[in-house]
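After this come two complexes, each holding subunit A, first together with subunit B and then together with subunit C.
For the complex of A and B:
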């Protein structure tokens, strides 16, 4: 039982569960929600980077697209919450499925460059296609409609506290799903592909198909995060798809130690957002300090913060705590 | 009956001809050795047989089915497994995981994504059985990279066995091993040959002459001789090209 309570998953849930009690009055609620959204994004993305070893620098593409699709569905199809969110996930999964047809056959630097080019392409489409995306101004007026459950009852999520707990529940579900996935046969094949793709093929695994699946999974979570972000901000913008921004999620994973630890991206996302917010309130040039931090981590903590403390391992088979 | 057959295989790398007009038949149930000096094209032939390389021309038939140009995983699914000249295993996970992944693939369970691998009892039990057979049960949970070189070689053979292939291709399984370990691998090959067909590329003539039913000699990409160990020992062309007069 004690082991159970010390589990990083449990700690994460406990922290976010009680956090509002401490930050509500200080006005940090939006920031905390943003952190949870980025955790969902980064944890899903880590399936691709940490477990499958594919360095996409273009996942802002799916985050941004998820935000737009959420708004577009709300404004053109159904003024709700579930359908726009599921639609964003589905659409992002489909885009990943299509670009994955050629991306999954690439590796290393070619893979990375292609993803940058793709996100930049989508950035320009979003930026220039005024009539649909709102262009430079963004797609405004995205709402947080009350959650309805088969017409039986409904829960409003417009208020910041209720939206916080809505995102919190989605975060819990996402993390549990990802945890299960990482420890499943699928997760083991993805990690095998990362380590030694030729051997994986010679065991009979269709490694290209598995890499494609990893890409689609990560895009679905990015789409989910994007949709939640759009509802948080009441708008969708092209910015996250710009190539200079689409790599933020990579940094979160690396800082936290996602390459060697399942929970790395949680810490990474929290630190990234905190630093951005604290330093950017002091100086415009927060990216400079950010760069310094990255250099520090690469020099002294090449496996990220959790990698340094060696809490568990990305293989998913050496966790300090097993029982969940 | 031939389990695997190559017909007029040609492979060029730029100006270099690695395989020329290779047509051989691998007899089912036998141990076939492929010998020849370094650079003769032995590994290239394995690469072509298993789909890692496409031949420039020629066909590969496995159990009379044309598998030329098939992707590796499809060929493996038919029942061909392979160990490599340069060690080819998963270093970041345990020996148990290495074997488990092979069993999991054979049982086609790789796409399950919600249940932990811990709960697939049939897969885990079979992995344990293989580990016991290759004698690595006591080190099954240490990081694979900490195994001794000899044990890593054994582990790779274990991975191939866990696939339960009909045909096993082994590329220099004893290379880099001391003679005591070589003996262990040799005995092991003999033992498993009772249940599957084996093709082994091997330099150690002591091993080759004692385990082989048939020997194929490659020289500069060409098959220059084929026959029983006695015939090969007596073959003058082979003596000149390769053996340099053993006995």
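For the complex of A and C:
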């Protein structure tokens, strides 16, 4: 029994469950929700980066699109919460499915190049198509409508505390789903593709198809995170799609040690947002320190915090390797 | 019709300048397998150095010295940081140079301030000139000449000198160059410095045409990037053709639908990639693995 309590997943849930008791009065609730949303984004993204080995540098595209689609569905189709969120996930999955037909045949630095170009393309579309997206001002007026359960009962999530727990439940479901996926045969094949694509191919796996699947999965989680973010901020903006912001999620995965540990992105997202918040409150020139910090992390801590302390027991990767 | 010609010229000249920028970016990408996100920041530094140096040294001296300084900065960042991530996950190089780009942009903001500057064109090319069918800016024609000279020099260096041959070999397979007994470490440092200097000189040349602001680096990086993908990694001709395509697509769109001018190059990129996945002049390279 004790074994379960020491499991990182359990610790994560426990921490986020009781966190509001400590930070509610300090006014850090929005920041904490932001951390949870970025965890969902970064964990989904890590399926692509850490488990499949495809260095996408344009996942802001799906995050940003998810936010817009959430708002557009709310404002033009149905004023609710479930349908806009599901719609965002579906739409992002579809975009990834289409661009994936082309991207899944690439890898390495060429894959990165193409994803950067793609996210820029979508950034400009969102920025210029102001009739639909609000252009520079963003798409405002995205609401947190009460959750309804088949008309039986409803729960309001407009308040910051109730929205916190709404995101918390989605975070739990997402993490469990991702954990199951990583430890399923699908996860093994993805990891095999990362380790040695040619070999995976010779074993009879269609590696292009699996890379495509990884891209679509990561995009669906990015869309989910984007929709939650739009509701948190009551608006959707083009900014997360710009290439200068696309490094954020990659840094989160890297800082925590996501390349070697399933739970790396959780730590990474929390640390990233904390650092950003602290530095930007101290100096207006926070970009300088942030930039230098990135350089130093890459130089001295390329495997992230968990990688540095050789915490890898929870990744389950060794088993994965033996299975394949 | 005069407007068409003037946009046509704008596009061609912009394209030549972009090509100079993209060449440096491509050489670094080809030899080091690093997507150098700080390339735009080095471009901006070139322009700002020229702004500060010109009152003291005059136009010609700062045209040489400002890019040299940028080249030295390039050598320094290669020596101090970038060389440590060669051969590792490409993502590390991306993130590291992205961090550098942010730091440089903020340094520019601290040193020169947030406000924009404009550099006056040198006296001997100030004002317009009559080309018979239209009036056109003398400075822009001068820019075209400078860009052509630079492209010519880089071409001679790459195609006609033994050093250029080694660099070209490094673009297609850097490990093989090492196996042949060349000092790969030094080659890489030199290429990084050269690429940075090319970005710097493009910045100096562009200064009088655009206003100088701290974000000019991030704005100019994407064209370089798109050019390399359109033209194909590792091809000199590809970079020049890609540069002209991007320059023209930007300026000619202004005639038809000005709002789309920033978007157009990405659409062109998409079309090129569907038809020729490796870019127009690209050959199969190790980068795809």
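Keep this in mind: the second predicted complex is superposed on the first by the 313 of 324 C-alpha atoms of A that agree within 3 Å, B and C clash if a C-alpha of one lies under 4 Å from a C-alpha of the other, contacts with A are read in each partner's own complex, and residues count from 1 in each chain.
Methods note: a residue touches a chain if its C-beta (ideal position, glycine included) is under 8 Å from a C-beta of that chain, and two chains touch if they have at least 3 such contacts.
Given the structure is predicted, the values throughout are model-derived calculations rather than measurements.
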{"item": "Which of subunit B and subunit C A:184 touches, first, second, both or neither", "value": "first"}
{"item": "Touch count on subunit A, higher of subunit B and subunit C", "value": "C"}
{"item": "Touching partner for A:173 - first (subunit B), second (subunit C), both, neither", "value": "neither"}
{"item": "First (subunit B), second (subunit C), both or neither touched by A:290", "value": "second"}
{"item": "Partner chain in contact with A:195 - subunit B first, subunit C second, else both or neither", "value": "first"}
{"item": "Touching partner for A:204 - first (subunit B), second (subunit C), both, neither", "value": "first"}
{"item": "Contacts of A:98 with subunit B and subunit C, given as first, second, both or neither", "value": "neither"}
{"item": "Touching partner for A:120 - first (subunit B), second (subunit C), both, neither", "value": "second"}
{"item": "Subunit C-touching residues of subunit A, taken from the complex the two chains share", "value": "49, 55, 57, 102, 105-110, 112-114, 116-117, 120-121, 124-125, 128, 243-244, 247, 250-251, 254, 259, 285, 287-288, 290-295, 298-299, 302"}
{"item": "In the complex with subunit A, residue positions of subunit C that touch it", "value": "29, 33, 35, 81, 84-85, 88-92, 94-96, 98-107, 109-110, 218, 222, 225-226, 228-229, 233, 259-260, 262-263, 266-267, 269-270, 273-274, 277, 287-289"}
{"item": "Contact set on subunit A toward subunit B in their complex", "value": "177, 180-181, 183-189, 191-192, 195-196, 198-207, 210, 315, 317"}
{"item": "Contact set on subunit B toward subunit A in their complex", "value": "50, 52, 71-73, 76-77, 81-82, 88-94, 97, 100-102, 104-106, 109-118, 120, 159, 163"}
